[in-house]
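The first chain written gets the first letter, and so on, giving A, B, C, D and E; residue counts start at 1 in each chain.
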Amino acid sequence: MTEAILSIRDLKTHFQTQAAGFLGEKKVIKAVDGVSFDIAPGEVLSLVGESGCGKSTVGRTLTHLEKSTAGQALFDGQDILTLSPAQFRPLRRDIQMIFQDPFASLNPRLTIEQTLGEPLFIHGLAKNWAEARVLIAETLDLVGMAPEVMTRHPHEFSGGQRQRIGIARVMILKPKLVIADEAVSALDVSIQAQVLNLIKKLQRDSGISMLFISHDLGVVRHISDRVAVMYQGEIVEMGTKHEIFENPQHAYTRKLLSAIPRIKTRQVNA
Amino acid sequence: MALLEVENLHIAVSVGGVLQPVVRGISFTVDDNETLGIVGESGCGKSMTSLAIMGLLEGTPVRITDGSIRYDGTELLQLSSKQRRAIMGNRMAMIFQEPMTSLNPVYRIGDQIIESLRQHKSISKKAARARAIELLDLVRIPNPSERVDSFPHQMSGGQRQRVMIAMALSCDPKLLIADEPTTALDVTVQKEVLELMSDLQERTGTAIIIISHDLGVIAETCDKVSVMYRGKIVEAGTTENLFERLAHPYTRGLLNSIPVVDHDVEWLEAIPGRVPTLGEELSGCAFHPRCPIATGLCIAKTPGDTYIAGNHAVKCHYADQVAS
Amino acid sequence: MSVLKLMPSALAGRKLATIGFLWLVLVLLAAVFAGVIAPFDPLELDPVNRLAEPGWPHLFGTDHFGRDTFSRALYGARMTVIIGVGSVVVALLSGGLIGMLSAYFTKLGHFLMRGVDVLMAFPALLMALVLITLLERSVANTIIVIGIVYATTTARILYGMTLKLKNEVFVDAAVCSGASHRSILFRHILPNLISPLLVQASFIFAFAQLQAAALDFLGLGLPPEVPSWGNMLSEERIYLTRAPWLLLYPGLLIILSVFSMNLVGDALRDNIDPRFKDDISGV
Amino acid sequence: MKLSRAIRSFALATALTTLSTSVWAEGVLRYATVGEPPSLDQQVITSDLTTTIAHHIFEGLYTFDASNAPVPLLASGETVSEDGKTIVISLRQGVKFHNGEEMTSADVLASLKRWGEFGSRGSLLFDHVESVEATGDYEITLNLKEPFGPWKNLMAFINGGPAIYPASVMDGATKEPISPDNYIGTGPYKFGSWDPNRKIELVRFDDYVSPEGEADGYGGKRVAEFDALNFLPVPDAGTRIAGLRAGDYDYAESIPGDLYAELDADENVTTILNGGPIFGLVFMNSKVGPLKENFALRRAIQSALNKTPALQVAIGPEGLWRANGSFAPEGNVWYSESGTENFSAGKTEEAKSAAAESGYNGEPIKFMVSTNYPFHYDTAIVYTKQLAQAGFNIDLQVYDWATLIEKRAQPDQWDMFFTHHGFVPDPILISVMNDTYPGWWATPEKQELKNRFTASSDEAERQEIWSEIQALIYEQVPTMKTGDVYTYNIASPKLQGMGEATLIWPSFWNVSK
Amino acid sequence: MLAYTAKRLLTLIPTLLAASALVFLFVHLIPGDPASILLGDTATAEEVAQLTREMGLDQPLWVQYFVWLGNVLQGDLGTSVFFKTPVLSVIAAGAETSILLACMTMVWIVLIGVPIGVLSATMHGKWVDQVTSGGAMLAASIPTFWLGLYLIFIFSVGLGWFPSSGFPSLSDDGGLANLRYLVLPSLTLAAPNAALIIRLVRASMLDVAREDHVRTARAKGLHPANVAIKHVFRNALIAVAAAFGFTFAALISEAVVTETVFSLPGIGRLVVQSILRRDYPVIQGVILVIVVLYMVINLLVDLAYARLDPRVSLK
């Protein structure tokens, strides 16, 4: 295996619940409790598991949306967990995140142009709006949208379109690593397929590494190179897609796989 | 005569004083001991249909504009609200999508089951409580005599959905409507709940309508399937027949869109375009803008039912082509 | 932009609220053009014509100084607007900033919000009385005192609203884009607060009028020589039987204006992002 | 059926309430006051409200009859030596304090001593007293430094005056008012309770020993007819009136003049005028500021004012005020017209030029007024208008009373302030005569006249000197009188024995209902 | 629950300390002093200074504060400058009126506000709802003193149904019947507050009515009235309970205006009068007591939450 672009060792993220009053007792929730994995350049690793298993927290910790409690996360050889917010900011260009809910992840008060332009200016990829618009138009084209949509607000788009815009916001920075947190879960099946295809295509074309977080085993099988199954804050099984889906070792993985309802039908798309 | 007969049902929602059609004339029947699955994407009108059958549209901006719903031969749409309430929760019961919020958080679950029981049966409090414990046991809640005094927030989502089922079954209904009963649950829990429902059906012979967006859930649990698109049933038949020969381009596209766990697919065959919005007017077959085989005929003419095999009905001008 | 768009859609189909809005426009016009419309100098004394009944030329009669009540009422509209706008500005600026910063910077917020808690514990009107006695009666001080009273509730409300917004996914997305604190606060969070703030402002405006009138009544509000509706009521209240019009007109003006503002606020609230409905106090 | 039961219980409740109203209201006088007095200690507190309540509890050696002449109360008589420097006062025997002890010269001596040292008006007399001693169980002797005319008036004026307390209460008493458990006097009513904010209750003193003779003013026989007097603070004038009309009070004080005609015509209300008028005073600062020694400027200000419109606005009906420049009302022995031609000139133009001549060039003149008394404020508003018309730059500063009192003690804070003065039977009691009163008027001309005025005990001579002082006041203008105001109170017509008018403070002995 | 209460009470201490220091500072910064007010118009500066010294008011402010604080910690709020009696008893005298007035007002609010609010919510959108919620908003827009003046004019002077002003203690002659003195003031106070409760009950019920569990209740075939009361109102009560608590606390302090109009010997007017006569210990005492009351009510509201809403656990 080639040198990993991201290498996680024994990552722990614990939360303290704030009880009422300053004398209230605090409770610790071990959302992520000792997780290790590597992602190679151009590889898609999926984190799969049921709600509350801590898979989303892993992604949020890696983007500094949550604070890690312990462990190491080497990105390009640098431990990103110990960086201050200011030190981490330039790295955000390389580590981008796609969020689950396309309705909530776009600021309703900003136009598409403003939303997509903001990261360009923050990271100095455009000096003025003329430059920015060229890049925005290119990226919109990449996700299959016309450049005319730039002046519109998010509420004028359907869920699928919004998720495309969300993906555009990520792709416009040409990141090295994308963390996709339930990126297609909120979409209707017919739209989900479009977006999944788009993500897969973009990933292939630009060789981006991806951490794909999902509860949907079908989606995971479709997009991943390797799969890690999480249960109660820990990875219980990790392997290539085929190892996991065709020869699961861990009892929990088997239970998961057997729980999925199947459709007995002719192979319509074969 | 089937237990439930829905005929030419039209439902519209009032938006700023204007009625926008949501369900555009659907018909189906359900019989004792039978499970009907209604499947479709968001906005297709499947939930409205379930609320209309149950009689829960009162006080909402949604109106039934035409059609008939007959339960055991009785026309429900002509009953007084008092007569309607005598059926609701009694001979006909419903469980909902959100087990987290569908139970009243301030009452113990036992009391909520007892309330349902005593609403329709003259039964002492003590007997009702005993029955509630029995029901909890039936839906496989461990320690039912203790859990009967739990509050909803003290239970997991799966357990709450079981409580909902227990409550729905409390008066031995002949029809159970389950609106997205497992959507909010994890797959492992979903499996248990679905198994529970079919076990209970075997025991009681209740007719069940399951509403879901998940083709897999429907395929695995139902005897009959109706596929809805934009307020119409575009394809209906027994599960066996229907999945044997998918005859509507929409159903076919839907199935192809789903990534499966059992084998690899390089690229998903997605349905292009998007689900039409509420107010959008479309002529002919509503699916034509997204349909790979649409022709001028599809734009011009609304397709009627084409029967493929037995009860397998399809609303597509080219159903025979698609099916073969 | 969104503010201006809000009004017509909020008023659509609400007759009472529309009448209320028109009344407020009238009050605003009276406030702006009081100097032009008023037939008399509101401060001009005329002992000979004191306590004159409503009629010509004194439409609303005269008070015990012989001052023209109609002219004073027009200038009172000006005070109404000044007090209302002033209190809203003080409350929203101070309370709003505290609430927003507290929610965003949790450590600072823990400290600041405890301070707000302390202030909340104080009985509002009594505190206003102590403060106004301390600061002396003036228009500015009345505004400050009323503004502070509502600043605490505004801080609480904005604290809650900002906390909700802070947990919105689009804020996470902005953080992931590398946006700075300032940009997140003022570019991503604040614009989403504008319409709930507008609703809150309308309620503060309405209740500030009642608070100001109460302070005037207790003799601890605006300086007595200032023609405000509250002062007019307060100064002439013993004439309830002798010259009933002196109480009736300013009283009705206050009620109408507060009622109108409440109606408009209510209409706005019904039109606002449901996320914030519970937060806005209406008090 | 349910309804009828509701009606029955409502009727029962109504019956109960009406029943209880009549029971408790019978022997009690309910007096609505403007507020609460600072204390009932008569010696140190000069508030009118204090006296209104406290002169039912405490008595002095002398009091005033209906003609405002001093007559004995606790004294039985006195002898004054030829040179006028030794006064021997004999006391009535058998007079009981409310604590049951008999009043003797020891009590009187202790009371006079405390009053002389700490009493509000004590120094006015005791500056002239060499010594005071008890010369017998029922005899007290005053040795004066020089003959001092107003001694008896000062002894009779109970407001801030020498009320007689038991010696035990006076022991250690200072400037600080005595506490309520020491409210022990000799009056027809004794102190009952002070329920803060709610009421002060006086109850009949059954062992009261009344002076002899027909009731005459405050003099003569005193009989406590009520079981109790309740003084209830009702600060809002409208509420006082409404309460009296609704039958909740028997007597309400300080009623706005504008309502006089309406109330006088109301047969459910009796109006009672106060005999002695009060008057507003605008003091000028003799210590600091533009008015300090510029008497010409002061006179210019004085001549700019027309007092009548202010009285019309502040008081209302004609009968309740007089544009009277004399410091004593017409008919009073101290009435004098000297200097009063300048009282209310209202000469705007002359004032303007006079001010210019005096060197005034428009510097601001700070004029302080309080809103606690509506007539102060109303008058000040009119004056400010008039002065502005005459070219004066008046900076009207409106405060609450407590702030004004503090500010006026600081000479650099003000140039003029507004206050009012109660009726006094002797001009020596007028505040402007006090050199240390804010304004600090103490010119040599005043000193000279004041010394002559106090030294004389000849009534005619004193009246003559007073009229010279009044002329000097109009010339140096340490203060400007605003005119006489006849305040009035209202009472329930059920009250018997109130008389037509009040002498100075309302009194409720010999009154019943 | 007990442990929680104790803990909560402990957390009050810093708040109280901050509040007391703030009050002390504000009150003493007000111009004017009690000595000159006591002595009146004729007093000289020397006399005022002398009395100020005798009352200990010439000490540096911080010394006075710590002396006062020390006494407060021993349960002694000091002595009223004006009444010469312990501040605590002065407050207690006012508290009777204030608490009775607040209680009676709460009775009106509950009797009038809650049923109308429920009615308004269940008739949502119908004319009954429009009239009641419009009426409620109108009632909340009336200045209380204006309403009070007219109520006295109509019901006391005109009709003679109720006394106009004042309030003899319940321990005075008349006993419980003295409560009739509070009828008009409590109605005056109730008007705007009941209006707010109506709006709150209505809004909370409409919110709850949208919740999923209400649909469940309706699906059981329950009678709409049963759904409205047992499921909607019961849950809406959680939001309304807090409003009851804080309204009660506010009624005690915010009744100043009403107490002035009706000359009630309550705490609000006591503060206004004490401010006017600069009776520092009383002002400090009252505000401190009200702050404590507010916090206790805050605590009670939280305890009520725990009773009304099983999801809330107190630890």
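List of remarks:
Basically, a residue touches a chain if its C-beta (ideal position, glycine included) is under 8 Å from a C-beta of that chain, and two chains touch if they have at least 3 such contacts.
Predicted model only: the values in this text are computed from it and were never measured.
Separation of chain B from chain D in touch steps, taking the shortest path, is 2. Touching chain A and chain E together: B, C. Counting contacting C-beta pairs between every two chains, the top pair is D-E.
In terms of their C-alpha centroids, the spacing between chain D and chain E amounts to 38 Å.
Per-chain CA centroids place chain A at a distance of 47 Å from chain C.
Rounded to whole angstrom units, the spacing between the C-alpha centres of chain B and chain C is 51. Each of the following residues of chain C touches two or more other chains: 133, 220, 237, 240-241. Looking at chain E, residues 30-31, 149, 153, 260 sit in touch with two or more other chains. Along chain A, no residue makes contact with two or more other chains. Taken together, the chain A residues at the contact with chain B in this complex read 50-51, 158, 160-161, 188-194, 196-197, 200, 215-219, 221-222, 241, 245, 255-266, 268-269.
Considering their complex, residues 211-224, 230-231, 234-235, 238, 308-311 of chain E touch chain B.
Touching chain D in their complex are the following residues of chain C: 45, 47-48, 50-51, 64-66, 133, 136-137, 219-220, 223-225, 237-242. Taken in their complex, chain B has these residues touching chain A: 41-42, 186-188, 190-191, 194, 213-217, 219-221, 243-246, 252-262, 264-265, 267-272, 274-275, 277, 290. Chain A contributes residues 60, 63-65, 89-90, 92-93, 96-97, 99-101, 104-110, 118-119, 122-123, 166, 169, 173 to its touches with chain C in the complex.
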